[in-house]
Every structure is written in structure tokens, then in C-alpha cells.
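Shared between the two complexes below is chain A, which has chain B as its partner in the first and chain C in the second.
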Partner chain A sequence: MTLSAPILFLLLLAVVSPWWVARSRMSFVVAGGLLHLGIAGHYILLLSGVAGGGGMPAENGADFFPTDLIEWSFLGTAWGLMFAALVSGIGLLVFLYSAGYFGATPKGIRFFLPLLAFEAAMLGVVLADHSILLFLFWELTSISSFFLIGFLHSETTSRWNAQQALLVTGTGGMCLLAGFLMVGTEWGTHSLEAWRGMAVAGREIPMVALALMLAGAATKSALFPFFFWLPNAMSAPTPVSSYLHSATMVKAGIFLIGALFPLFASSAGIMGVIVGMGAATAVTGLALGWVQTDLKKILAYTTLSVLGLLAFLLGLGTVESVRVAVLLLLGHACYKAGLFMAAGAVDKATGTRDLRALAGLAKAMPALWIVCLLLGLSAVGFPPLLGFLGKEYGYGLALPNKGLSLGLSAFLFLANLTMMVLILRVAVKPFRPDAALEAPGVKAIPKLMMLGPAVLALAGVFLGLTSPFLLSPMVGAVVSGIAGDGADYKLALWHGFKPALYMSVATLVGGWFLYKVAVTYGKQNVVTRRLGFAENTYTAMVKGLMVGAAATTGFLQSGDLRRYLHLFFGGILLLVVGNWWVSGFGVARLFASMEPVPLLEALLVAAMAFGILLVVLTMSRITAVLGLAIIGLGMAFLFARLGAPDLALTLMLVESLTVVLFIYIVHGLPKIRNITKPPGRIFDACLSLGVGGVMALLAMKAQSVQLHPSISGTLNEWSYTLAKGKNVVNVILVDFRALDTMGEITVIALAALGVRLVWLRKSEMKAKGGKP
Partner chain B sequence: MKSHLLLVASRFLSWPFFILSIWILYRGHNLPGGGFIGGLVGASGFLFYDLSGYGRPKQGFFSLKPFSFLTAGLGTAVLSGLPGLLAGKGFMTAFWLPGFKLPLLGSVHLGTPLVFDIGVYLTVIGFILLLADTLAEEEKL
Partner chain C sequence: MITVLCILIGLIFAGATFCLLRRSLMRVLIGILLLGHGVNLLLLASSDPISRNVAILGEDGLPTAAGSADPLPQALILTAIVIGFGLSVFTLVLARSAYMRGGSDDMRELEREEEV
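Presenting the complex of A and B:
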């Protein structure tokens, strides 16, 4: 249980959290904080064990699920454990931040349930070794994200955005499942570790499966063209944005690409698509972020571009580019989560997140200013902070024999330059004095809200400085776990006077200059308008779905009883007769094997036919009910004659009771009228006769075909020997198939409730004086 | 439309019908009958009062409400499945007491299927009564 125990603990804490927080908030925060601390430490220790050359911790609880399709099996790869450490470590800070953010409000009581459930699910995603298990956790992250984005559920936009995120990532999740199932069926195992081994060994993978899995990853990580849900997800409370939508969940797609790297890497085409999607996402994020004024939105768009860069780097597929991706991911998780929390603190203190209203906060919030500065410096890649490594190594990428290095360097340079401007707008602009703007008034913020950003800022400094010793082995293990090589590479902060260094300096200087001159926020331009197409397509699809659903419902649920019967019987007729048409039915053979009908039974059938005519032709409801009773009783006699006394008894009772119940309402019913004209009536008659005839033929066919050996003899025997009953019908009902009967009586009870509810609604309307 | 004659008749008929229904319920295991049929017959005992137009008594057994029957029925049915679950043999596995002889009934076998059948019986009664009540009130609207 070394890997999955924290998941279970977190789920348990999630379930009890509403009660616990409501009773005693302080003790919940302390206990939850300690639990997180323990979990984070646990995973970091496991990670350092793997990085130190130890074997990967594995866990296989094969008996956890009573089916073969899914297994409770986990494997701590270096890549997965690095994510687990990030998820639980940042989880600790977000947990404490949330406690401060919500304080003792009712919102704070229900917030921790989805948050902790998400955390557990995310850990499951990164540690699961069984693909279907991974999918299960993957969906749970989508669902908990849905609840968190829509947390402020009284706002329409929140609900819309939550639904959008769920639909986009959920559709991707379905693709992912299909891809998993395809590979799993083809290769005969669902273990991801086995998959990696088989892919490395050169086993062929269905292209469709790869595309489906990539679709899952791309929707989750908001890659182009699915990027639009992520900025909209900013309607979630800030702790959520900081945690799910920058540091962890949106990286699940990146995680998947890394976890299944050998599979994706086996196809140059797929890798090309990943590179293309990544680059497009990076450009889109920056282009759209360029004009934003909301602090959180700016951060969301820079997150988007980093996600794009990560996919781009993984897609390049060399050991070096994977190393850059890992470094970039680590740095980004730390500084971006911190910046989000800081933006939330600014929002809490000033009441606004609008860039145009924020300036000069440094005086009133000096501590936050220093924290933001450190986070921002890490983000722009200032040495020797953690963010520097990702950028410096990125510039150091030279793709051997691909002739891309110049274009690649230019792309990275421009991306970093733009990103730096956006980061400075968030981390510096609100704090520096501005001649044209007065500093807004500032409220005190809870201390717990300062802890998270401060710790992450210091982590950026500490991890950056110690990277050659502390991070080196870990990054090496992660990189070699993904790309199969590069374990013994040593990270360094100083590489000598090389082009990478010049580019870093140029980025910092150029970025600062551009930040000063380009005051572009709040001004839409032609590019940003064009990029709205992705979301517009989504909106059109959702609206189309609604219109289509309304039209279908309007057609099928017209409220006209005749229409229902037409559709229902017409459908049966079409399906059954169509099937016979195709498969050949042989009606003549059925009649050939018929035996002569005894006189008594023929008379009963004649009586029933009389009843039918009575029902169809009469203009009095009482007569019609009596006609129906004749049919029913005739049927009951037939049952009795043919050796089914139980059925006969039941049918008789039901017939009698129906008549009794009908007596109640017969006064209230309108007179029978001829609504339809003769042609319509002829059509109805033909349809009824057709369906009746088809059902009769079907019954005869069922008699003449024996697909499986009959079980009646066995049941008769078992009835007495096993179930101690001589009445086999009853024994089947209450013993052999008791669970079915259980379902049936539940349905009976529900039907009764339904009748009651319909009536209650009607009487309520009547009481209000409205029309029922 | 009230009939005093039917009201008097129902006082005489309801109990015999009810006892008859219990007998049908019990004999179902070996002979035609069982919870479903028994329930229908048992409900008829109640419906005599309804037919008379005076409604069911305000006190006593026949004043029991449909929801009581529905709840008791579903509850009994679920309970009958628990012994199997507790014994680790799966929900609804049958368990029987050793058979014994009674003067009037002959050899008697009691077991969880019978308990389950009682659940069916009660649910069916509740169902019919709830329908009847609703329709009766509908008539008054």
C-alpha cells in the first residue's frame, strides 16, 4: 500500500471534511496540513529512492476489483513520483491557502470535498500502472474539476464554464478510454509498464489508438484547438486556479504524453502533430494573453503557452528536449502556483484583479511584493532561480541533424520574450508606483494566504541554487525513465560564454524594454478576434445539440397518445418485419406444423374476439372496460386450461381489480368521440392488425425454435430438491430469480409513487386555481 | 354514491378475504398462490370498504396507510436477503429452518424465501391501495 495509501487517506478526509470543517475548522486545517506534509514527504522519499538508483516501488492489489478488466495496480516511475511530489507538495500549500482564502465562511465548508477528491484522483492518475485504473482517476479529476470551476454555482458563467471544461475534457477522456482499450486488446495487457517495454521493443501500435490517446491528452492539457476551456476555468476560486489549472490537472495531458512516450515516439507522424499542437498552443496563449487585463486571465494564458511549450519539447523527442521539458515543468509548477496565489491575495486585499486599476501596492504590501518579485524572476528565467534552468537549457537545445536549431531558437526567444512581458505585468505592475494611477486601498489578508506564495518563492531560490546536487539525479532519473537515456547528466547553472547565455541576457533586457513600451492590455486586435473561432465552434456545437434535442423531443414526445402508439407500433413492425425480410422467416412452415385447436379453446378465443370488437366499436367506456375484462378472463381460462394456474389466478385478480379501480374514474372521463376521419381509422386498424399478426407469428416462431436446451425440466427438478417447493413458478419468483423480483417490486413501489406525485401536482394546481 | 349494504357487507367480508390472502401467500410455495396473488386478494379485502362509498375505517387494521405497506414490504424483502449476505454466500441466498409438523397445516417449512414473499405481498397491497386512494381522491377533485 505504499503508493495508494495516501490516495485512500485523502479520499477519506474528503468525505468527512464537510462535517469536520463545520465542527472545528482549526483542527481540520492542522490535521489536513499534517496529512499533506506526511504524504508529500513520503513521495519525495520514494522519488529520491528511485533517483538514487533503487527499483521502482510497485503495488498490485489484484483482488481489489472483482473483475479482470481493471486492476488496483500502481507503479512509482520517476516521472509519476515527481508529479506525485508536486501534487502533494503544492497540495499542502493550496490546502492551507484555501483555509485562509475562505476563512470561516459556508463556502469553506463545502470546498474541501471536491478539492481533496481531486488531489486523490490526480495522485491516482500519475501513479496508476493499469490503463483503465488510470482512466478512472482521470475522469475523477475531470469531475472534481467540474465541481470546482462551478463552485460559485449561483453564477451563470461559472456553470457554463464548468460544463464547458467537463464536456471538452470528458470527450477527450472517452477518446482516451477507447485508445486504452484498443491497445490493451491488441497487446493483451493493460499494464503501462508492459506497454512501454513492448513499444520500445518495436511492437506495432494501431495509429487510431495513438490518435485517440493524444486527443485525451490534448483536451486535458488544453492544447490547440481545445485551449479555450482553460482561461474560462478561471471563474473558479483562486486556490483552484492555482492548483488544478496551472500546477497539476492541466499537466495530466503532458504527464500522459511522457508516461506513454515510447508509444507516441514510435510514430513520427504523431510526434509531428504533438510538436505542431504544442507550438500552436504556445503562440495562441501568448497572443491572447497579450491583451488581457485580468491578473488571473493573464496567468491562465501564460500557463497555456507553457503547456504548449511542454508538449512541443516532448514532441521533439530527443533526450535533451525531454530534459528541458522536465526542468520547465518543475519551474513552472512552482512559480505559477505561487503567482496565482499572490494574484488571489492582491484580489482579496484590493477587491480587484484589473491591471488597469492596480499600481503602487509595494508600500502597503511589502512582503507580497518581495514574494512576487522572486516568483516573477523565476518565471522570466533569472539566474540562479529554478525557472532559469528551463529557459537556459531550452536555448541550449541544438537539434542534431534537423536543421531546426535556428528556427527553434528564434521561436523560443520570441515566446520567452512575450511571456516575460506578461509575467512582469502580473508580478511587477501592480506593485510599482504609477504616476497616472493612485494606489488602491488595501485590506489585511489572512496570514495563511501568504504562506503558499512565500514557500514557493523560496523553493524557487533553493531548488535553483542546489540544482546541480539535489535536482540532478532526480531529473536524470525522470528523463531516462521517459526517453530511455540521460540518467547520468549533471545539471549546471553556468555553461560558459555560449550563445545560450547571450540569448538569456537578450531575453531579459528585451523583455524589460518591451514591458515598458508595450501597453497593449485591454485592446483587442485582429488576431485575438480570429482566435475566438475555437470557442465559437464549441458554442455552436453545444447550441446545435440543444436545438437538435428539442426538435427530437418535440417530434417524439408530442403529447398526442395516438402519435405515441403510431411510433411505437410502427417501429416494432418495421424492425421485426425488416429483420424477417433480411433473414428469411418461412411463415408457411409455421402453419404446416400447427395442430387442430380443441373446441373449448376455440370457443374461448371466439369470446375474446367478441370482447375485442366490443372495445373497438362501443361508444361507452363502461362497455369498453367490460369488453377488456372479457378478453382478460378468456385469457385467464386459456392459462388455466394450458396448465398455468398461477398465471390464471393472477390475471383474474388483476382483471377484477382493474374493473373496480376503473369505477372510480369512469364518471370523470370525457365521452368517447370519433376524432379521426375514416382513412385514418383504416390506417390505425391496419397497423393494429399488422402488429397483432406479427406478434402472433413471433410467438409461433418462438415455439418452433429451440436455440438452447430447455431449462424447464431442470428447474422443475431443482425446485423441490434445492428450494423445497413444489410450485416451480413461485420458487422461481422468490428463490431462483429473487433479485429480479426484488427489482420488480421496487418498480411497483416507484410506479405507485409516480402516480401519487402526478396526482399531487394536479391537486396543487387545482388549489391554486390554475388549469390542471 | 354510498351504499350502506356494501358497508355492512365489507365488515363481514374484509377479514375473511384477508385471512384467505395469508393462506394463499403461505401455500404458494407448493401450490398455486404466493405473494403476488395473495397481495391482490388481500388488497380486495380493503377495497370492499372503498366500494361502499364510505371509505375505510378510521381505526383498526383496515385503516393502515398504503405507504406503511410499501415501506414494510420493501424493507422485509431487503431483510430477507441479508442472512445470505451475512453468511458470505451472496445476497438473497435461501436459508431454511428445519421442517416441523403442526396440527392444521401439516409439515411446515419456514425460510427466507417465505419472508421475501411476505415482502412481495405487502408491497402489492400497498401498491393497490395507493392507486385506489389516489383514484378516489381524483374523483373528489
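Presenting the complex of A and C:
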């Protein structure tokens, strides 16, 4: 239970949270905080164990689910445990931040349920070893994210954005499940660890499955062209953006690429696609972020570009690039979550997140200013902070081809430069005095809201400084877990006077200069407008779905009896004939054993056929009654001839009554008319003949089919011995199936009652003088 | 005989389907009545064996030597005939009532009436 116990604890806490918070907020915050602290410490200990060369903790509860398809099995890989530590560690800070953010408002009562459920699900995603179990948790993150994005549910945009995120990531989730099932069926196991081993051993993977799993990862991590849902998800409250949409959930896709790295790496094409998507996402995020004015939006777009870079680096597939990705991910998780929380604090204090209205806050909020500066410096890669490592090692990357290496460096340089401008806008611009802007009024913010950013800022400093000792073994274990090598690599802050150092310096200087010069926010340009196509496509698809659904419903549920019957009979024809066509139904065989028909019966059948023709074609009501009478009497005679005198007698009686009633009722009805136009009638005639033909063939076919032995022999035997009756049909009706017959009598009684009631109303209406 | 019976079933179903598909209320009523006959015949056709001898036991309470008709479908048909009768009478009265209220014998008009 070492791995899954925290998940269960968190789920339990999530379920009781609404009542607990409503009862006693303080005790809930303390208990939840302590639980988080314990969980984070637990995972960090496990991680350090794995990093120190110990075995991976595993857990397998095969009997947890009553099915073979899914298993409650977990495995603590270094990569997964690193995520678990991040999720629970930042989870602790976000938990406390949320408590401060919502205070004692009613919103705070219902907020913790989806937040904690999300946290549990995210831990499940990164620790599950069974692919279907992973998928379950994966979907739970999507669903809890839906509730969190749409948390301010009274706003239309909020709901739309929540739905968008759910549809995009949910569709990806379905793809992921399909991919998992394909690989699982093909390879005979659903264990991810076994998959990695098999992929490393060179077992072939279905390309479609890889593409499907990549689609799942790409939608979750908002990679190009699915990026649009992430910035829109900023309609969530700030703690959510900070937690789900920067530090954890959106990295689930990156996690998956890392967790299934050997599978993806087996196909150069898929790796190429990952690199392409990653690069496109990075560029898109920066291009769109360039013109934003909302603090949270800017952060969202930089997150997007970092996600792109992570995918890009993993896609490159070398040990060095994976190491850079891991370092970048660590740094980003710390500084971005902190910056989001800081942006939320600024919002709370000043009431605005608009860059154009914020300046000179340093005097009023000195503590936040220092924290933001530290976070920002880590983000732009200032040594010796944590963010510096990722950037420096990125510049140190080399590809086999010299030209490509140069291109890679140039790409990373430009990306870092742009990102630095965006980060400075968030971390520095609101605090520095601006000649043209007056500092906005500031409200005091809850202390708990300061804790998160401050801790993360200090973590950036601490982890950066101690990275050679503390982080080295962990990063080594993670990298070797993914790429299979590089476990012994020692991180260092100082690499000597090398090109990477010059580029770092150039980035810092150039970025600062560009930040001063380029005041581009708030101005849309060609690029940003063009990039709207992805979201427009989504919108068009959703609208198309609605229109299509309405059209289908309108077509199927028209309220027109003819339409229903057309669909019904047409459907039967299609299904039955289609089935016969496929299974090869021999019609000719059915007519092989035709026996001679006595003249009397032949005449009877001919008369009935005539009767049918009569009722179908006649325009006269009396002729129709005559036709019905012929058919009814024909039926009665047929029964009499075929050894069923009881039926003949009953039918005779019933037919006489029906015909009399029919004449009485027809008396009050108008003449028969042909309302449908001739083409419609011809179509109906063809359809009817088809239905008739199928029924005739079915009846014939039924002769040769006997699914169960007939019970008629038994009934014959029992009739006299048990019920002392010689007329077997009567015995069946009044003895063997007496309850059935009672039901039949009830139906008749109800019908009589119904007729009486309808009739009564009619005469009442007449008494009142015609129509109502 | 069975083949002829099956062809007759087909004819009745074809006629019933065609009548049901009409917009004239009268024809739809005829279609419903026809459909009942078709189903009854279908039940009879499932007899095993189809025989001309009645399903009545001999004096000694044992099946006669000549063999008798299958009693089970007959019992089912008997039930069906009676229920069918109740159903058709109710339908007829209902149709008349609908016509009186709706003032039209066109099925589509009647449906529109209902929506209003």
C-alpha cells in the first residue's frame, strides 16, 4: 500500500471536504496540510530511495477489481515518483493558497472536492503500472479539471471553456484507451514496465497504437494543434491555473511520452512528429503570448511554449536532451506555479490582472516583489537558480549534424529570449514604477497566499544551489529510467567559458533589452489572427455536432406516422435481407419440397388474396368491409381445415362482431381518400411487397429452424393424466396457462372500459353541442 | 400446404404494410385489422407438425394413432384472437373519437392537431 495509500487518503479527504469545510474550516486546513506534508515527504523519501540505487517500490492488488481487464497495480519509477513528489509538494502549497484565496466564502466549501480528487487522480496517473488503470486516473483528471475550469459556473465563458477542455482532452483520452487496448492485446500484458522491456527488446509495435497514444498525450499537454484549450482554461480560479494548468495536469502528456519513451522511440517517424508538434507549440505559445495583456494569459502561453519545448526535447530522444527536459520540467514546475500564485495575489490585491493598469507595486507589496523577482530570475535562467540548469544544459545540446546543432541552438536562443520578455512582463512590470501609470490601490492579502510563492521561490534558489549534490542522483535516475543511460552524470553549475555560457549571457542581456523596447502587448497581429484557426475548427466542429444532432433528431422523430413506419419497415428489410445476403440464404431450397394443395384450400387462399386486393385498392367503405369479412371468414375456414376448430369458432364470432362494429364506426367516418401522391404510393407499394416477401420467406425459413425441442408432446401427455381433459387446446388455456388467460380477460375488460369511456365523452360532447 | 400458407402470410403482411403507410385514417384502421390476421397465421405456420387432425385426445386419454395437430400454437392464437379483438375495438372507437375532435381523416393533420 506504500504507493496507493496516499491516493486513497486524498480521495477520502475529497469526499468529506464539503462537510468538513462547512463545519470547521481551520481544522480542515490544518489536517489537509499535514496530510499533504506527509504525502509529499513520503514520495520524496521513496524517490531518494530509488535515486540512491534501491529497487523500485511496486504494489499489486490483483483482486481489487472484479475483472481481468484492470488491475490495481502500481510501480514507483523514478520518473513517476518525481512527478508524484511535484504533485504532492506543489499540491500542499496550492492547498494552503486556496484556503487563503477563497477564505470563508461559500465557494471555498465546494472547491476542495474537485481539487483533491484531481490530486489523487494525478498521483494515480504517474504511479499506475497497469495501462487501463492509468487511463482511469487519466480520465478522472480530465473530469475534475472540467469541474475546476467551470468552477465559476454562472459565467457562460467559464462553462464553454470547461466543456472545451473536457471535449479535447476527453477525445484524446479515448484515443489513448484505444492505443492501450491495441498494445495490450497485441503483447498480452497491460503492465507498462513489461511494455518498456518489450519495446527495448525490439518488439514491434502497431503504428496506429503509437499514433493513438500520442494523440492522447498531445491533447492533454495542449500540443499543437490542440493548444487552444489551455489558455481558455484560465477562466478557472487562480489556484487551479497554478496547479492543474502549469505544474501538473498539462504535464501528464509529457509524463506519458516519458513513461512510454521506449515505445515511442522505436519509431523515428513518431519521434519526428513529437519534435514537430513540440516546436510548433513552443512557437505558437510565444507568438500568441507576445500580445497578451492579462497576467494569467501570458503565463498560460509561456506554459504552452514550455510544454512544447519539453515535447521537443523528449522527441529528440538522446540522453542529453532527455536530461535537459527533466531539468526544464523541474524548474518550470517550481517557478510557474509560484508565478501563477503571485499573479493571483496581485489580482486579489489590486482587483486587476491587466498589464496596462499595473505598475509601481513594489512599494506597497515589497515581499511579493522580492518573491516575484526570484521566481522571474529562475524562469529566465539566471544562475545559480533552478531554472538556469535547464537553459544552460539546453544550450549545451549538440546534434550529430553541425548545421542542425546550430539550428537547435538558434531555436532555443530565440525561444528563451522571447520567453524572457514575457516572464519579465509578469514578474517585473507590475512592480516597477512607471512614469505614465499611477500605482493602483492595494488591499491586504491573506498570509496563506504569500506562503506558496515564497516557498517556491526559495526552493528555486535552494535546489539550484544544491543541484550538484541533491538533484544529480535523482535526475540521473530519472534520465536513465527514461532513456536507459546517464545514471552517473553529475550536474554542475559552472562549465567553464564555453559557447553555452556566452549564449546564456546573451539571452539575459538581449531579453532585458527586448523587454524594455518591445511594448507589444494589446496589439493583435497577423500571426495571432492566423493561429486562431485551431480554435475556430473546434468551434465549427462543436456547432456542426449540434446542427447534425438536431437534423438527425428532426429526421427520425418527425412525429409523422408514415415516416416512422418507413424507417421501421425499411430498417427491417435492410437488416434481414442484409443478413441473408451476407450469410448466403438459399431461397430456392425452400420451394423444393412443395406438396400438392387440395382444391378447396387453393380456392380459399385465392379468395383471401382477392379480399386483400379489395381492401387495399377500394375507395368504397362498404367494399372495404366486405373485403375484411372475406379475409376473416377465409381465416376461419383455414383454421377449420387445419385441425383447429376452436380457433375457427372463436374467429367466426370475433369477426362477426368486428365487422358489425366496423360498419357502425365507419358510418361516422369520411370516405377513403388517396392523399399521398402517386410516386409515394408506388414507393410504399414496393416497400410493402418487400416486407411481405421477407415475412413469407421468414415463415418458410422458420420451418427448418428448431432452437429448442417442442413441448407440444409433453402437453399432449399431461393433458389427460394431469388435467383430465381431452381437448388439449382448452386444457392449455384454462389449466396450464390459466394465469395467461386471466391476463387476456383483464385486457378485454380494460378495452371494454376504455371503449365505454371514449364513447361517453363523445356523447357528452354531443350533448353540449358538437365539437369542443 | 405450408408453402401456400407462407405465401398467404406474405400477402397479408404486404397488404397490411401498405394500408398502414396511407394517410387516410380508414386505411390505417384496415391495416391494423389485417396485421392481426397476419400474425395469427404466422403463429399457425410455426406448428409442428401441421396436421389436419384436431388436437383432441382419443377416448383413452392418449393421442390418436393418426397423430394430431400441434396444440400449443392454437392456444397462443386463441389468446391472440381475443386480445386482438379488444385491441381493434378500442382502436376503432379511438379513431372515431380522434376524427370527431380533429375534424380530419388525414393522419398528418391529426398529428398536427395533437401538437397544437
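What we mean here is this: the second predicted complex is superposed on the first by the 565 of 772 C-alpha atoms of A that agree within 3 Å, B and C clash if a C-alpha of one lies under 4 Å from a C-alpha of the other, contacts with A are read in each partner's own complex, and residues count from 1 in each chain.
Note that contacts are C-beta pairs under 8 Å (C-beta built on N, C-alpha and C of every residue); 3 or more make two chains touch, one makes a residue touch a chain.
Just so it is clear, the model here is predicted, and its values are computed rather than measured.
Of the two partners chain B and chain C, it is C that touches the larger number of chain A residues.
Looking at the shared chain after the overlay, A:D735 reaches chain B, while chain C stays out of its contact range.
After overlaying the two complexes on the shared chain, residue contacts for A:V755 are found with chain B and with chain C alike.
With both structures placed on the common chain, the touch criterion links A:L657 to chain B and to chain C. By the touch criterion defined above, A:L69 lies against neither chain B nor chain C after alignment on the C-alpha atoms of chain A. Using the contact criterion defined above for the overlaid structures, shared-chain residue A:I682 touches neither chain B nor chain C, since it reaches no partner.
By the touch criterion defined above, A:A723 lies against chain B but remains apart from chain C after alignment on the C-alpha atoms of chain A. Across the two superposed structures, the residue set of chain A contacted by chain B and also by chain C is 645-646, 650, 654, 657, 661, 665, 668, 726-727, 729, 733, 741, 748, 751-752, 755, 759, 762. Residues 1-15, 17-30, 33-34, 37-38, 40-42, 44-48, 50-58, 61-63, 68-72, 74-75, 77-79, 81-90, 92-97, 99-101, 103, 105-108, 111, 115 of chain C touch chain A in their complex. Chain A contributes residues 645-646, 649-650, 653-654, 656-657, 660-661, 663-665, 667-668, 723-727, 729-731, 733-735, 738-739, 741-742, 745-746, 748-749, 751-753, 755-756, 759, 762-763, 766 to its touches with chain B in the complex. Chain A meets chain C in the complex at residues 559-562, 565-566, 569, 590-591, 594-595, 597, 601-602, 605, 608-609, 612-613, 615-616, 621, 624, 628, 631-632, 635, 638-639, 641-647, 650-651, 654, 657-658, 661-662, 665-666, 668-676, 684-685, 687-689, 691-693, 695-697, 699-700, 702-703, 706, 710-712, 715-716, 719-721, 726-729, 732-733, 737, 740-741, 744, 747-748, 750-752, 754-755, 758-759, 761-762, 765, 771-772. The touching residues of chain B, when paired with chain A in their complex, are 28-37, 40-41, 43-44, 47, 50-51, 66, 70, 73-74, 77-78, 81, 91-92, 94, 96, 109, 111, 113-114, 116-117, 119-120, 123-124, 126-128, 130-132, 134-139, 141.
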